[in-house]
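What follows is chain A paired twice: with chain B in the first complex and chain C in the second.
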Partner chain A sequence: MTTWLHNFKCLAKRELYSYFCSPIAYIFLVMFLIIIGIFTFGDSLGNFYKLGYADLELPFFTWHPWLFMIFVPAIGMRLWSEELSKGTLELLLTMPINIKQAVLAKYFAGAFMLFLVLFFTTPLIWTVNFLGEPDNGKILSAYLGSFLMAAAFLSISSVCSALTENQVSSFILTLVICLLMILSGFPPILHILREYVPIQLLNLIEQVSIYPHYANFQKGIVSLYDCFYFLAVIIWGLLTTQHILRKK
Partner chain B sequence: MLKARHLVKEFGTIKAVMGVSLDLEKGDVLGLLGPNGAGKSTTMKMITGYLEADSGEVEINGINIEEDPIGAKRNLGYLPETAPLYDEMRVIDFLNFIAEVRGLKGHQKRKHVNRAIEMCFLNQVTRQSIYTLSKGYRHRTCFAQAILHDPAMLILDEPTDGLDPNQKHEMRNMIKEMGREKAIIVSTHILEEVDAVCSRVALMNYGQVIFNGTPEDLRAVSPDHKALFVQLTAQNPHEILLSLKENFPKAKFLVDELESNYIRVKVHHHKKELNFNDRFFSLCKDKQWRIDNLETKEGRLDEVFRTLTMPNSRTDWPTASLIWNKRNDPTVTGDLGKL
Partner chain C sequence: MKKVFPSFVYGTFLAVFLIALCSIISLFNRKIDVTKNHRYSLSEGSKHILTNLDEDVLINFVYTESEKRLPTSTKQLAKRIEELLKTLSEESDGRLVIRKIDPSRERELKWAATVLGVEEQVPHRDNNEPFFLGLSLHVGTKTDLISTVTPEDEGNLEYQIMSKIKRLTRIKIPKVGLIAGVNVVGSNAFSYEQDKVNKNAWEYAKALDKDYDLKVLNYDTKVIPLDIDLLVVIHPESMKRQTLYAIDQYILEGGSLLLYVDPASMTAMRDNSVASFGEQQIRKSDFYLLKSWGIDYDASKTLVDPENAMAVDARHKKDPTGIELGVKSLQQESPVTKNLQKIVMPFGGALAIGDVPKGVNIQVLAESSLSSKLVPTTEVFDPHKRQLSMSKIPAKSYPMIIHLSGNFLSAFSHDDPEVTDNYIKESQQRANIIVVADSDLLEDSIWSQRSLDRITYKTIRQKRFDNLILGQNAVNYLLGGKELISIRNKVLSVPTFTKVEQLRNQSQEQLRVEFASLQKRIEVTSERLRELYKAKGTSGQGFVISPEALAEREKLKSALDEMYIEKERLDKNLNYSVDQLGQKLLWLNVGLAPLLILLFGFTVWQLRKLK
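Showing the complex of A and B:
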């Protein structure tokens, strides 16, 4: 167990080193914060100041699925594609480690980046508390949902990245899957589909979609069912990545 | 140290490796030769555990790589063909990372990293990012990671590829030096490397080992091995061959070149004749033949390589499969040179 943890730590540390010794991490953090800022405070967007009540659900968390749909593939595209294109996977897998450790460690490093970007938005909590009396439980629940959704996107990105050594292909593939996972549960889309698709099938599509599960967290509803959904997507992604790499 | 038994690997319909077996002991430096696509890299990747063999087994230092991959990999250092590295890292950070993954800590880690840096002459670039390094330094950095933990076995896939002559010389010296204490497999298609560093050779073609022996054994496959080439000038060179055959019946003479005033003869098995040298010189003197040239050939590895891997190129040579069959048939005795 100690060796397992030691290897996991080494691999995750190296991955984070890669993020932070190149401009990737800084660009990712700064761009995300600028864009979420624009969306939150923008006049015809989040309208944070003009809403008239202290809450983050509409002005802030609404945008998360759409932003993570673009930002998470940007972080995840290099997870394995880079290792495959540079040939470092060969080096890595001839070390005394197993694929499981490598997959988990790299995923953990990516998830840490996502945690970090959400952490840097926390001054908004102080702001909203300064301006009024928001439901902090709801805000924390939305933060948890946002992180779980980003983590689920990252595990999908990990799979796409293991499939191809081309980072751009990996990015586009992840983006398309994430977009479909959002749209398939997005109310306006479901409204249109209702006319063409049987209700049972529509319910199934909605359950598979990521959006309704995230929406529950956004409303402050933390259910085991939604947590289980996100964990299932994450575990599926990690196991599939492992399987793809084994077959390479 | 290494026992690889009947390794098989197929990629779809392509049979990359078909029943390769290799044995290596401490002190062996095995040159794995073969044309591109012969299955060398795939064989090495199976030995390192990077690729899973379809069948067959690999034991490193007594540890089966399928049963205990991590234990087996601890005894292994591997330099992949393209010398892949994490470009964004500095050399020292990369080596520290490898040392940590290899389970080295504290003083041991520093000691092994410093040793690898010194052995690979990386002192000047330790603080440099890897992407700024020249090809030679990149190769040495990757080599440093392979030897960092002082493994019992080293697998080096084309270790001198892309290096300049001086760097090649350094690399070969390093391999030779380490070959005393370790078992090493060096994949190459540079035949001069075989003479420079290898104590044994395995030649692969179409996924099979078609020759396994010493470099001397491989050279002995050449029909020119130990042959004596004599160029003689005489008034009537046509008579020379007849006269030689009469005087030395146990030797075998072949005309290599014949012109109006000279002949070049290839002589095999001349040592079977008693006092061949003295008697030959006396004969030349008596017959008034002038010796223009006299040389013994060892046989060239590139010729042997070409002929064994392209069996149709010379019809007077034994084919690769024949040599393989003879070597593996216990009823056949005698050395390869006599095939």
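Showing the complex of A and C:
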């Protein structure tokens, strides 16, 4: 167990090191923070300050699915594509680690990056508490939902990255899947779909979507079902990645 | 591709397995409500009512579930209503039974839904089918109805259901008496000519009528019937002594009273189409009995509170005659005001604690800020006069809502002509009184605004302030039922930026003083200029003006122009400090964290270069 943990730690550290020793992490963090800031405070966007409500649900958390849909594939595209294109995967697997450890360690490093992204938005919690008396339980629950959603997108990105050597292809494929996962629960899309799809299938599509599960966290409801949904997506992504790599 | 295919099959099977597992888990779903006030959990009041049910309750949940062409928001809403009903049923230990009726399944069921009274809702989009979403409640032979549920009703639904269950299971529905000096019940004439609440009535009267046995009493009544459990008096203007005596005796018999007095009732003035604000036109409630209960109330003065001033336009221009009382101004120990976010009192008055009779307890439920001043009502409507008057009056905090309980003394003596044979001088039973120093706060347009329902595009009333909840809480409390209060208090407004409001009030108050002095200077200068023009005509020199007078006139004219420019500048700067704070926070949130990250990255890069 100790060796397993040690190997896992070493690999996760190596991955994180590679993020922070190249400009990727910094560009990613800075871009995300600037864009979410503009979306939150922008006049015809979140309009946080002018709305005057001590609540982050509408001005801040509403944008997370759309932003993570673009930023998470950018983090996740290099998880395996880079190793595959450079041919370093074989080298990696000659080390005393197995595929499961490698998949988990790389995923953990990526998830840590996403945690950092959300952590750097916490001045907004201070801001909203300075301005009024918000419902901090609701804010923390929305943060948890946001992190789980980003982690679920990352696991999808991991699968796409393992499928192809080309990072751009991986990025586009992840983006399309994430977009479909958001849109499948998006009211206007469901509105169009119901003309052609039977009601049972429509309900299933709605159930698979990220949107209603994330919406509950935004409201301040942490449910077993929603948590399990995100965990299921993460488990699916990690196991499928592992399977793809094993077959390669 | 060959390599990927087994993984594709594997991934698909795994996904199907996980979706199936998710569906199973959804059947045993458990939720934690982490919101403040547990907004999405059953309140203690609901639990108390449900665990103490003596009779079986049946709720028919009428919902067009099988209809494909339903708005998604309606489907999600229906799901949440079903979950709420399920939780209620679980909590009732089998006493509450839920029956689902889907009118889209069979023609008979559609007919049944219509018979139950649930209304069909027609979405505004053409390709959406009409649908049913409503509840009918049954206890024995008694029934009640929530004919439509819309997304706007959701926050209030638990209260609506529980108040109806409470009403249906009550052996005796409390009787509430109403005496109003304004048109509360919605008649075309004065309210006291009407004994029933009609569709034009204030929402407050409608709510009382729905929840209790409401009896509208004659404005000149000589006696308050003994079976009245609570008397609500709104804006008692020039009330006859015989009615005051009836109220006095009702209190001494241990009755409960909810009283709304107002030094300037805008509603009464509007009802009487009053256009000017002279002393004769002001409609004030004077209530002679307050003195004997230990409350000093000056009906000729209105409270002005610059710190809690109410925003009157989109630019957040504040009017200190409209008072917004937030959490800090409301008593958090009393169930009546606990958890209310904000109430507004336009042209309200002030109450003061006077000679309180022995055995009477007083609790202040709401008070103004320390910067508030009591100004003669005649001077309140003119900003300039108001400012002048305010500069002469010391500022202090005033109670605006007071709760009195205990044994009271009569305000009448044996010699008074109104006194009857069964006159009571001193109360034998404890009485409860809540006095509110404003009556306009209950008027619909003050606490709510009209908007369109998102699905059906029907006009609905949307709450902006908690005034109605305050009124309902007070009634519930005086009738001795705290369960419904705890449910209603969950229906709260979204918290606003109190810091911004404080800042805005402070800066606007400062500007208001500058504005008033500038206005004064403009008036003096204009007067001087007028005098100069007059002097020109009477000096006997005809149209010839002396060079000194001309110079003086030009000087005054340019001074006046400057003053007008300054006035415009002040007007534009109303929100200057608030905008400044907004800019600072924007840079702090958008700029600071990225800057720190870039600095950290730069340091790492430099260190690596050094290595």
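Note that in this section the second predicted complex is superposed on the first by the 246 of 248 C-alpha atoms of A that agree within 3 Å, B and C clash if a C-alpha of one lies under 4 Å from a C-alpha of the other, contacts with A are read in each partner's own complex, and residues count from 1 in each chain.
FYI, a contact is a pair of C-beta atoms (placed from the backbone, for glycine too) under 8 Å apart; a residue touches a chain by one contact, two chains touch by 3 or more.
Only a predicted model underlies this, so the values are computations on that prediction, with no experimental measurement involved.
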So in the superposed three-chain picture, is A:S158 touching just chain B, just chain C, both, or none of them (first/second/both/neither)?
neither
Determine, under the contact definition given at the top, whether A:C21 touches first (chain B), second (chain C), both, or neither.
both
If you stack the two complexes on chain A, which partner ends up touching A:C10: first (chain B), second (chain C), both, or neither?
first
Pick one for A:H243: touches chain B only (first), chain C only (second), both, or neither.
second
Contacts for A:Q207 in the overlay, against chain B (first) and chain C (second): which applies, first, second, both or neither?
second
Just checking: does A:Q218 make contact with chain B only, chain C only, both, or neither of them? Give me first, second, both or neither.
neither
Looking at the overlay, does A:S141 come into contact with chain B only (first), chain C only (second), both, or neither?
second
Counting residues of chain A touched by each of chain B and chain C, the higher count belongs to C
Counting only touches as set out at the top, which of chain B and chain C does A:S184 meet: first, second, both, neither?
neither
Looking at the overlay, does A:Q167 come into contact with chain B only (first), chain C only (second), both, or neither?
neither
Set of chain A residues, in rising order, touched by both chain B and chain C
21
Okay, in this complex, where on chain A does chain C touch?
20-21, 23, 25-26, 29-30, 33-34, 37-38, 40-41, 49-50, 52-55, 120-121, 123-124, 127, 130-138, 140-141, 159, 163, 187, 190-191, 194-195, 199, 202, 204, 206-208, 212, 219-225, 228-229, 232-233, 235-236, 239-240, 243-244, 247-248
Which chain C residues qualify as touching chain A in the complex?
3-4, 6-7, 10-11, 14-15, 18-19, 21-23, 25-26, 28-36, 39-40, 66, 68-69, 71-73, 76, 127, 327, 494-500, 582, 585-586, 588-594, 597-598, 600-601, 604, 608
Across the complex, what residues on chain A touch chain B?
3, 6-7, 10-11, 13-14, 17-18, 21-22, 86-88, 90-91, 93-98, 246
Across the complex, what residues on chain B touch chain A?
45, 48-50, 52, 69-71, 73-74, 76, 78, 80, 82, 84-89, 93, 97-98, 100-103, 142, 145
